[in-house]
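What follows is a short report on a single structure.
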Amino acid sequence: MATTEPPEENGSVEQAPTSAALDRLLAAMPDAVVESEFQRGAPIARVAPARLLEVMTFLRDDPACRFELLSDLCGMDLGMVRPDGERFDVVYHLYSVEHSHVLTVKTAVADGTDAPSVTGIWLTANWHEREAFDMFGIGFAGHPDLRRILMPDEFDAFPLRKDFPLEGREKDHGYWRQPGDDDRYTYVAEPPEKK
Amino acid sequence: MLGTRELEINLGPQHPSTHGVLRVKLKLDGETIVESDPVIGYLHRGCEKLGENRNYIQTEVYTDRMDYIAAINENLVYIEAVEKLLGVEAAPRAQYMRVILAELQRIASHLVWLATHALDIGAMSVFLYCFREREAILDLIEGYCGARLTTNAIRAGGMRLDFPDGWTGAAKDFCDEFPARLKEYDTLLKTNRIWMGRTKDIGVISGEKALSYGITGPCLRASGVNYDVRKAMPYEVYSEMEFDVPLGSVGDTYDRYLVRLEEMRQSRLIVLQALAKMPEGPVMNKVPKRIKPPAGEVYVVNEGPRGELGVYLVSNGTDTAERCRFKSPCFVNLQALPELAKGHMVADIVALIGTLDIVLGCIDR
Amino acid sequence: MSVVQRPELSLWKRLFLVELLQGMAVTFRHWWRKPTTEQYPKERPKILPRFRGIPKLQDHPDVEGILCIACNQCSIICPDDCITVLGEPRTVGKGKQAKVFILDYERCCLCGLCEEVCPTTPVPAIFMSHEYELARYKRVDLMNDMKELYEPQPTKEYLK
Amino acid sequence: MKEQLIQYLAVPMLQIAAIIGVMLLCVMYLVLWERKLIAFMQVRMGPMRVGYHGLLQPIADVVKLLLKEDVVPKAADRWVHLISPIILMIPALACFAVIPFTGTSFEVGAFTIPLVNYDVPALTVTSWVADLNIGLLYFLAISSLGVYGLVLAGWSSNSKYSMLGSLRSAAQMISYEVPLGLSIVAILMLSGTASLVGIVEAQQEAGHWWLFWAPLGVPLLWPQFIGLFLYFVAAVAETNRAPFDLPEAETELVAGFHTEYSGMKFAFMFLAEYLNMILAALIVSVLFLGGWLPVTFGIPGLSELFGNFLPFLGGAGAAITGFFWLALKVFLVLTVYLWLRATFPRYRYDQLMSLGWKWLIPMGLAHVMVTALFMLLRG
């Protein structure tokens, strides 16, 4: 949401981006923010999962921040990018109608551990967290109704993880691909026997 | 022994008024809704996964298919995100063209909403009248980019093509004709006692609650919250346009109806202004042929017809995105359905599904 | 920003059903308007010049032989992987030309990217034709090889 | 004995056969007219493919419905599922017995049927099957039986949508019987008879349609307009037509009580609905619009002008003319029916109920009293 920045004039020197909300957060809870940066003008704060609820409540209620709108919540698989660290990021995009400013909050979650649920702070997080759970298998502690939302209930994988094949698994769509003549595939109903 | 128990009924996924393949599990006490649970995912095509496996040019094709009622708005927000990643800007003429097309698309989308909403409540003719006007807009869009729904019209750095000869005149003609048509809809619906009875005080939601639910767009503004991305964080050339953001006072279905109708009028004004102000010049800035943005991330929001359309793109320096997230306003708005529907009757739930203006392709992605 | 007005019915209007009669007048007026629909198979829609129908191949009189140079650009850009091109040395002049060109309409999403990237001059070898009737009786018929891609699709005239 | 047998058995049989045949044809073309009219109002063309501008479409539809597979849900009660369309259909047809299609009866002289050499004595043929002196009551009683068919259809389908639809329709039809009855009471008072033939004859005697009843010569005060309005609204609700088509509100209940019906059974329900529509239009024409009396009836000097188009045919000509006028009135009333459907949104269940009980019934009561008052004042 770098649109908060004034459009750059040709040839002008790029100004260092600032964010009142991020400054306020850093001033109020310096120990909660693991790291903060600006990406293309937009402020990003990384918060440890343990302090997340505290930070989020502060961000919503503090008069200088007032992030009433959770614009988006999504998961992200960083298994390839940081193979040693936590596998997932949960990304929160906040917006304040009152001050018209934005903030991105991120928290890192390891595979198999839960992120705290922010459904108590923003009701909209309910479905977003269900989606993140559905797509990445990120658990959300304290979520009232954590079940699959887009995929069928009996589905047993997490499709947006990087290790899930793009074409889907053959057993999910119920047919198996066999190389046929003429460089084309034929589709068969039974799994082909392994030679 | 006689006993009473709640009637459980499945509204959808095959049902005339679920706008696609939405399924709502309803618990009824007589005709009164006790509980409703929307079940989605029947149209899940994995656009986000595709966005991570296709390059930036190819992914735009998938944005057409998400909100297929308002493809240009989806194209626009995605391309804006790509441009922001690349650090390029669109050519000045292209920016005006984008605004014109996006606003025409907004009118078309609102017309579909009005048509289906009215049809759900039983006003059959409005459906066809609205589609007649929408046809005119789709003809304009087809004349510009060659496709009516899956436009694929916008490119990073500008537009694919310039307007063909006579296009601006045709667009002006449409704008001149449009208010008379809107007046007809008003006569048929706005003051009609049946329509008022069916929409007033149905699905009331306060501004605060709507914000907490993350509702955006006309549904939020009908609850009296003044948040329009076009005004709050102007993109393209919206800052140069003069237009009004209509707000509601009660936050019921009738307010949402009034707000959207007023938005159509305002969009028409924006189109006229942009047509008048549009400069001559090239429509495309210089952009590398293979789009390989430097690593980094960007979250861009736009005002779509249904609410805040968001795209979160994380680049890893290659020509495919590391993470391509589409935030859908319909997905968020639909979440409030149980809250809106509680205590109303079966007939109202179709009015509520209509008033939220959902597109299942946008919800499931 | 402004708050929309919520109209209320006056007693007079309420009593004499004025707004209902006005509504009926609107539909009555439409009764006498010209229909806007097209009787499709009989009347065919007018096609605008930029219309994107199914992709086809074309040649150009200025270029000898096949226009397609088998550069594979379309096959690379295609988001649905529906194009397969195999090249062979050009029969006239230098470079390559297409030997096999298979287009799978079953997967094609008519996005027009292939036409956009086609580098041949003066016209793109692959272009979005104005044909839009895609229905076939067999799936195999949707797989089109080079010969079929050059031929225009026969249109049936429906008079009844 | 033989004369009576022919007069009271054979002739009514033929009349019944004729009425059923003609009415089914009317329904077929009413459906076509509905589709065409609504299409015109929605700036489109409607059916265009079968015959010239779709004129043969009804026949194609009938053939399709006849040939269609009859699907019965597994969990349905088969017999009730089968019977309920018939229960719907019979009252709808039975009501036509008391409708006078035209006024003049004509004499058929004695003749011999060739081949079988059967001597038929001289007969009097009327346009109605029976002129009951309680004709209006008969109509009210029989037509309300149809609701059993709806309820049973909804219940026997064993589908929740059907069930909701039939519950709605039962409530709706019972509620709207009351204003329907009340709107008729005034006409009974004016005519002094419950026979439908008698009602038209009373209008003939009075010299104007009951709709234009201007007691005390005050032209602004036409209480029977209220009566017509009440009757019309109640009849639209009774026949489950828009804007009161809740029992089959397609956007809510898919198709309401006939969700699980297909083929011929569905066709029966469809027929019954449209027969009821025609019936309601006929009753409106007879009670308020002067039945077979010409449209100019009541205008001084023009009353008898269009009484007989075909004077050279004598009584038969007058009968045909009367039939023509009635058909015209019915057609216009039906067109208004369809026009409503093209224009209005649908009421909600509770709004429909409150409209019926809170507005139409008090209005009906007041209407009866006002009519009585004026009759009293006039003496």
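Order as written gives the chain letters A, B, C and D; numbering starts at 1 within each chain.
In this text, a residue touches a chain if its C-beta (ideal position, glycine included) is under 8 Å from a C-beta of that chain, and two chains touch if they have at least 3 such contacts.
Model, not experiment: these values are computed from the prediction.
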| item | value |
| --- | --- |
| Between C-D and A-B, the pair with more C-beta contacts | A-B |
| Chain ID, smallest distance between chain and overall C-alpha centroids | B |
| Between subunit B and subunit C, centroid-to-centroid distance (C-alpha), Å | 23 |
| Rounded Å distance between subunit C and subunit D, as computed from the means of their C-alpha atoms | 50 |
| Whole-Å gap between the CA centroids of subunit A and subunit C | 37 |
| Set of subunit B residues in contact with two or more other chains | 50, 125, 129, 132, 188, 192, 226 |
| For subunit C, residues contacting two or more additional chains | 20, 23, 26-27, 30, 36 |
| Chains touching one another, given as label pairs in label order | A-B, B-C, B-D, C-D |
| Subunit A - residues contacting subunit B, complex | 1-4, 7, 39-40, 42, 44, 68-72, 74, 76-78, 81, 91, 93, 95, 97, 100, 102, 104, 122-124, 126-128, 131, 135, 148-152, 159-160, 164, 166 |
| For the subunit B and subunit C complex, residues of the former touching the latter | 50, 54, 57-59, 61-62, 64-65, 125, 129, 132, 135, 139, 142-147, 150, 152, 160-161, 164, 184, 187-188, 190-193, 196, 224, 226, 231, 244-250, 254-255, 258-259, 262 |
| Subunit C to subunit D touching residues, read off their complex | 20, 23-24, 26-28, 30-31, 33-37, 39, 160 |
| Residues on subunit B engaged by subunit A in the complex (per definition of touch) | 40-41, 44, 46, 48-50, 52-53, 84-85, 87, 89, 208-209, 211-216, 225-227, 232-235, 296-301, 308, 310, 312, 314, 316, 322-323, 325, 327, 331-332, 335, 364-365 |
| Partner subunit B, residues of subunit D touching it in the complex | 38, 41-44, 160-161, 164, 168, 242-243, 245-246, 249-254, 341-351 |
